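Across the two complexes that follow, subunit A remains constant while its partner is subunit B and subsequently subunit C.
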Partner chain A sequence: MIPSYVPPKYKVEVDPNKCMLCERCTIECSWGVHRREGDRIISYSNRCGACHRCVAMCPRDAITIKENAVSWRSHPLWDIDARADIYNQAKTGCILLSGMANAKDHPIYFDKIVLDACQVTNPSIDPLREPMELRTYIGKKPKQLEFEFVEEEIDGKKIKKAKLKTKIAPNLKLDTPIMIAHMSYGALSLNAHLSFAKAVKECGTFMGTGEGGLPKALYPYADHIITQVASGRFGVNEEYLMKGAAIEIKIGQGAKPGIGGHLPGEKVTAEISATRMIPEGSDAISPAPHHDIYSIEDLAQLVRSLKEATRWKKPVFVKIAAVHNAPAIAVGIATSDADAVVIDGYKGGTGAAPKVFRDHVGIPIEMAIAAVDQRLREEGLRNEISIIASGGIRCAADVFKAIALGADAVYIGTAAMVALGCRVCGRCYTGLCAWGIATQRPELVKRLDPEVGARRVANLIKAWTHEIKELLGAAGINSIESLRGNRDRLRGVGLNEKELEVLGIKLAGE
Partner chain B sequence: MCGIIGFMSRKKRMIKGDKIALALDSLKERGNGKGSGYVGYGIYPTKYKDCYAFHILIDNTPKFEKIKVEVENVLEQYGTIVKDEEIPTEDGIIEKTQIPWRYFYEVDEKYADREEDVVVDIVMEINDKVDGAFVISSGKDLGVFKAVGWPNEVAEFYRIDKYEGYMWLAHARYPTNTKAWWGGAHPFNLLNWSVVHNGEITSYGTNKRFVEMFGYKCRLLTDTEVVAYILDLLMRKHKIPVEYALSALAPRFWDEIDKMPEEERELHTAIRLAYGGAMLNGPFAIAVGTPHGLIFMNGDIEKDTTMFGLTDRIKLRPLIAAEKDDMIFISSEESAIRRICPDLDRVWMPDAGMPVIARPWK
Partner chain C sequence: MEEVVIDAKDMHYRELNEKIHQILRENPDIKKIVLKNVLGQRFIGNGLQKKGLTIEIYGIPGGDLGMFMNGPTIIVHGNAEFAPGNTMDDGTIVIYGSSGDVTAHSMRGGKVFVRGDVGYRSGIHMKAYKDKVPVLVIGGRAKDFLGEYMAGGIIIVLNIDEKGNDLGKIKGRMIGTGIHGGAIYIRGEIDKDQLGVAADIKEFTQEDLEKIKPYIEEFCKWFNLPEDVKNKLINSKWTKIAPISKRPFGKLYTPDLM
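Presenting the complex of A and B:
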C-alpha cells in the first residue's frame, strides 16, 4: 500500500483534566476519530474533518479541534492544497472527490455590492406598521392582459363590463422568495428531507426533491414540493409528476457543470431503491446529458411532454449551471414553454463532485443573474418567465441583492443544511455525516429529529424574511415586485468598470 | 416636497392660463425655484388642432442650428412639418439655457395604421440620439411649458396667460434625485399623456427596465418620466381599461385581493402578475392628463380627455380633490385650489391608492 504523505489537516485534543471518560465522543464520531484506551481518550486526528459533532456533544467541553500547525514551506504558487492534492492523487490514481462549494479564493460579488436606503427625501417604510409584501408567483406570465367587454344586466339596466380574457398559467405562490434547493433523497437522509418539508409548508414556500424521487413519507407535503427530472429519471412516473406542485428538469448543477451525478451502491438502501426505482445496492448514475436531449428543441419537447403528462397543470422549470453561455440558453428555455429558468452559480454546494470541477468550472451567480435578466429583457421575454437563482446564497442580504439583480426568488441549499447543524466539513460523499444529514446509516439518521430540524429551518427562513422586509422598508419599497431587477438600488464597491457593466450597477458615489 | 395642481372643466370650457399660474404660485413653498411647468389641453384649437404639436427644448449654444437640423431630419423621415417656430417667451426673466421650439407636424399617410407608435418612435429617437435636444410634449392640441425657475417666473417667461385650455396641470419642483434642468422639470408628456408628480419613485430601476423591454427610452434623468411611458404602454398599447391600469400602478394589497370575490380576485392577481414591473413604489401623488376615459358602468372606452389623480398605496404624499360646478381640481394642498376658486362644492381626500378620475360631461 502506498502511504499518504499528507499530514492531518486538524489537530484533535481531549483535555484529560476535563474528560470524565463518558465515551460520548467515541459514539458520536462517525469517522472513528476517538477511542478509549484505558483511562484516556485517544484521538486519531488524521480522520477528523472538523464536523464538530464530538465538540458539540461533549458534556465537559473537553475537546478542542485546531488547524494542524504543521509548517509547510510557504510558496505563492505551490500552496498546501496544490501539494496535498498531488500527494493524494499519487497515492490513489483517482479523480479527487469533494463536497460542498467551490473552495477557491474567488471574489464574492455579493460582498462587493451595497444596498441603498432612504434618507429624508423619501421616507423609509416601517414593516411593523405598514404592509410589506413578499408574496412571489413563480411561473409563466402573459406578455400582456386582454379584456373583453360583455353586457350585463344590473338593476334592470344593461351595462357593458370589462372582463379579463387572458387565462393565467399555473404559478407557484410563495409567501417568501426563499425556497429550498434540490438535494436528493439518497444524498440526504429522510429526516433531513422531512425537516425541510415541514419547514417549507409552515413558511408557505417550496423545496426540491432533487433527483432521488419522492419518498412516500413526503407525500403529505407534496403541495410544497418541486419534483425533479434529471438524466437518470430516478423515481419518475406519472404519480411522481402529478404529486408535486411543479416539476424541474435538471440539466446542470452549479458545483459541477457539464457532468452528471453518482450515488454509490452502498447508499442505495431498500427505501432508496424503492423510491428511485432501481435495484438495491446498485450505483445510481445520472449521466451528464439527458440521452433524449441533444438540442434546445429536444429540451422544448421534454418540457411539453411533462406538461402533457400533467395535463398542463404544473409549472415546469429548467435548471442549468451558470456558465458563459447561460443568457443564450435561458432565452432558449424561455421560448420552450418552460415557466422558470433556474440558474445555479459556481459557488453552489454538492454532495460529491470531482474537486477539479467544483473549484474550476462555471461562473459566479451574481454575474449570471445579471446577464440572464438583461438578455431576457433585450429579447422582450423577461416578463414571461421567472428566474430562480441559487448557488452560494448565505444570508438575507444575498437574497435581496439577487432579486435586485433580476431574480424572482432564490433556492438555498447549504444554508438550509447549516440550519440543521451541518458544519460544511465537505465530506458528504462518504455517507458518514455525523449530524444525520448527508447519510443513510440508520444510527446516524436518527440523530436528526425532523421536528427540531423543521423548527430550525423554518426559523431561518422566517428570520431572513423579516430581514428582507426591513431592507425593503429601508429602501422605501413595500412590495417585492418593485425590487425585482431594480439595480438602481445597488452600488459596487471595489469592482472594476467591466464587472460593474456586467452586473449593470453603478459604482458607490455615482 | 413638490407641489402639484390640476383642474379641468367637464363642460370643456376654455380657461385662461393665468388661473393655473396663480394656483401654482401658492404652492411655491413646496418647490425651491429649480423647476416649474405647465401643460394646457385645448391650447391649439385653430388650424393646428389635428397636428401633433412637438415642443422641443434645444440647447441654447452655438450648436443650436446644427441640433435643430438634426431634429428636423428625424421628423422629416416620418412626416411633414406643417409649421415651426420658437415658442414665444419673455426675455430677462430666467436664464434661457434652452430654446423652446415647436413643430406642428403630420405623420405620413403610409404610417396611418400605426401613427401614434411612429410619434413615440420619433420622441425616443430624438431624446436618445440627438445630442442637445429633448421632446417635452408630443400630443395633439396640447403643450408642455417648463423650465428652471419659480412658478410665476416660468408662467411669465412662457406667457401662459396668453393660452386658453379646458384642462391644465402644473408643477413646482424641489429636485431631490437629479440636478435641476429644464428637461427634468414636470410635466412629463408623451402623446396625450401628461404627468405631474410629487414624491420619489423607489421602484424606478424596475419600472425603467420594464418599459425599456417595450422600446421606451428614459433619457430625461428624472423618475417621473417613466410614469408617462407606463401609462402609454398600459392604456394605449395594451388597451388596459383605465381603472385596471391604475390598479397596475398602485395595486391592491394581497390581503385585499385575497378577500375579493373569485372573478375580481383573478383579475387583480393577473394584473399584479403581468404588470408587476409597472407597479410604482415609494411616495407618490400624481396627477395625469389622459386621452382615454374610464370604463365604468357604460363600458365603452371614452376618447375624451380625462384627468386623474392617484397616490401611492400608503399615501406618503398628500392629494386633495375638489369640485365646483363643472370644475374638478386636484392638488397637493387645498389652499392652492381655494386661491382660484374660494367657494367649493366639495373637498375630499382620496383614500390611499384609490384614483380620482374625471372626464368631460356628455
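Presenting the complex of A and C:
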C-alpha cells in the first residue's frame, strides 16, 4: 500500500487530569478518533475532522482540538492544502471529494456592501409599532390586470361591478422571504428533513426536497415542500409532482456548476432506495445534463411538460448555478413559462463535490443576482418571473442585501444545517456526520431530535425575519416589495469601479 | 360512453390535452379515446392515471408523449417525436412508425414498443425498482448511446425491417455508456468497441431468453407479425449487454478524508 504522507490536520488532546474515563467520546466520534487504553483515552488525531462532537459532548470539558499547522514548513504559494491534495492524489489517483462550500479565500461581496439608513428628512420606521410587510409571492405575475364590468342587481338597483378578467398564475405565498434550500434525502438524514419541514410549516415558508424524492414521512408537510426534478429523475412520478407546492427543475448547482450528482451505492439504504425508486446498493447517478435538454427550447419543453402533468396548477422553478451567462439563460427561462429562476452562487454548500469544482467553478451570487435582475429588467421580463438567490447566505443582512440587489427571496442551506448543529467540517460525503445531519446510519440519525431541530431552525428563521423588519424600518421602508432591486439602499466599500458597475451600486459617500 | 373521437386538427396542445381530461372527468367508464389528425401536439397523455384506458392516435404526436403516465395504453398509428414514455410510471405505448431521440427516457415502469427505429440516447437512464421493470422493444434499429446511464429495466432491439427481414449488423456506437443496472438485448452480434464505458457483453443464457420471450411475443402481437418471424426472432443469436458493475464510478473518487 502507498503510504499517505499527509500529517493530521488537527491535533486532538484529552487532558487526563480532567477526564473521568466515562468513554463518552469513544461513542460520540463516528470517525473512531478516541479509544480507551487502560486508564486513559488515546486519540488518533489523523482521523479528526474537527466536527467537535466529542468536545461538545464531553462532560468534563477535557478535549481540545487545535489546527496542526506547525508541522508544515510554511510557504506562501505551496500552502498546506495544495500539498496535502497532491499527496492524496499521488496516493490514490482519484478525484478529490469535498463537502460544504468553497473554501478559497475569495472576496465575499456581501461584506463589502453596506446598507443605508434613514435619518432626519426621511425618518426611519419603528417596526415594533408599524406593520412591516414581509409577505412575498413567488411565481408569475401578469403584465397587466384586465377587468370586465358586469351588471348586478343589488337591492333592486342595477350596479356595475368590476371583475378581474386576468387569470392569475398559481404563486407560492411566503410569510418571510427565507426558504430552505434543496438538499436531498440521501445526502441528509430523515431527521434533518423532518426538522426543516416542521420549521418551514411553522414559519409559513418552504423547503426543497433536493433530488432524492419525497420520503413518506414528509407527506404531512407537502404543502410547504418544493419537489425537485433533476437529471436522474429519482423518485419522480405523478404522485410526487402532485404532492408538493411547487416543482423545481435543477439544471445546475452553485457548489458544482456543470456537473451532475452522484450518491454512491453504499449510501443507498432500504429507505433511500424506496424514496428514490432504485434498487438498494446501486449508484444513484444524476448525469451533468438532463438527457432531454440540449437547448433553451428543450428546457421550455420540460417546464411545460411538468406543467401539463400537473395541470398548470404548480409553479415551476428552474435552478441554475451562477455562471457568467446566467443573465442570458434567465431570459430564456423567463420566456419558457417557468415561474421563478433560482440562482445558486459558488459559495453554496454541498454534501459531496469534487474539490476542484467546489473551490474553482462558478461566480459570486452577489454579482449574479444583480446581473440577472438587470438583464430581466432590460428585456421587460423582470415583473413576470421571480428570482430566488442562494449560495452562501449567512445572516439577515445577507438576505437583505440579496433582495436589494434584485432577488425576491432566498434559499438557505448551510445556515439551516448550522442551526441543527453542523460544524461545517466538510466531511458530509463520508456519510458519518457525527451530528446526525448528513448521514443515514440509524445510530447517528437518532442523535438529531426532529422536534429540537425544528425549534432551532424555526428560531433562526424567526430571528432573521425580525432583523429584516428592523433593517427595513431603518431604511425607511415598510415592505419587502419596496426593497426588491432597490440598490440605492446599498453602498460599496473597498470595491473598484467595475465591481460597483456589475453590482449596480454606488460607492459609500456617493 | 365507451369511446370518444376527437378531431385534433389545428388544435393547440393545451386545448387537446384539456379536452382529454374533460372527457375523462365526464365519462368515468370510458375505455377508449381516439385522436384524429394529430400533428405535433405535445404532452399527450402526460401524467394520466387511468388503467384500462386506450388512447389511439392517428397522425404524429409531438414530444414527451405519455410522460409521467401511469396506467393507460397509447397506440400511435404513425411516427412519434422525441421522448415518448419519458419518466413513465406504468402503462403501454405502441408506436407503429419510428420515434425520435431519448425514447423511453428515465422510464420507471411500463412498456414501449416501437415498430420502426428509435433516435439517439434511447432508453437513457431507465431505472427499475422492485416489481417495476420498464421495457423498451425496438423493431428496427437504435441510434448511438442506446441505454446510456441505464440503471434498470430491459431494452430489446429486434433489428428487422417492415417485412420482418433482417437489417444486417447493428452499427450503433457507445451502447450502454455508464450503464449500472438492467440489460440491453440486441439480436445479432455486437463488437466490443461498439460499447460505451461501463458496459460489457455477458453470456446470453436460457434464463435471459425466458425473460425477453414474452416481450417479443407481445411485440409480434401488437404489430401482427407472422408466426415464422416470431420464431426466427426468438431463435436468433442474441447479444446481452449489461453493466460491468453496479458501481461504475466507485473508484473515481478518493476514499481518503480531507
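Definition applied: the second predicted complex is superposed on the first by the 507 of 510 C-alpha atoms of A that agree within 3 Å, B and C clash if a C-alpha of one lies under 4 Å from a C-alpha of the other, contacts with A are read in each partner's own complex, and residues count from 1 in each chain.
As a convention for this text, a contact is a pair of C-beta atoms (placed from the backbone, for glycine too) under 8 Å apart; a residue touches a chain by one contact, two chains touch by 3 or more.
Fair warning: this is a prediction, and the values are worked out from it, not measured in the lab.
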Can A:Leu241 be said to touch subunit B (first), subunit C (second), both, or neither?
second
Pick one for A:Gly436: touches subunit B only (first), subunit C only (second), both, or neither.
neither
Contacts for A:Ala309 in the overlay, against subunit B (first) and subunit C (second): which applies, first, second, both or neither?
second
Of the two partner chains, subunit B (first) and subunit C (second), which one does A:Ser4 touch, if any: first, second, both, or neither?
second
A:Phe147 contacts which: subunit B (first), subunit C (second), both, neither?
first
Taking the superposition as given, does A:Gly345 touch the first partner, subunit B, the second, subunit C, both, or neither?
neither
Quick one: is A:Leu96 in contact with subunit B, with subunit C, with both, or with neither? Answer first, second, both or neither.
second
Taking the superposition as given, does A:Arg377 touch the first partner, subunit B, the second, subunit C, both, or neither?
first
Quick check on my understanding: which residues of subunit A belong to both its subunit B contact set and its subunit C contact set?
none
Parts of subunit A lying in touch with subunit B, wherever the complex brings them together:
118, 121-123, 125, 130-131, 133, 135, 137, 141-147, 149, 151, 154, 157, 159-164, 166, 168, 171, 377, 380, 382-383, 404, 475-479, 481-489
Note which residues of subunit C are touching subunit A in the complex, please.
13-14, 17, 21, 42-43, 46-47, 49, 63-64, 67-70, 82-83, 86-87, 89, 102, 105-106, 108, 121, 124-125, 127-129, 132, 148-149, 151-152, 178, 180-181, 246-258
Contacting residues of subunit A [partner subunit C, same complex]
4, 6, 31, 47, 49, 84, 88-89, 91-92, 94-98, 231-233, 236-238, 241, 262, 264-265, 273-274, 277-279, 281-283, 285, 287, 291-292, 301, 304-305, 308-311, 354-355, 426-427, 430
In their complex, what parts of subunit B are in touch with subunit A?
176-177, 199-200, 202-206, 208-210, 212-214, 237-241, 244, 251, 253-255, 263, 266-267, 269-277, 279-283, 295, 297-300, 313-314, 316
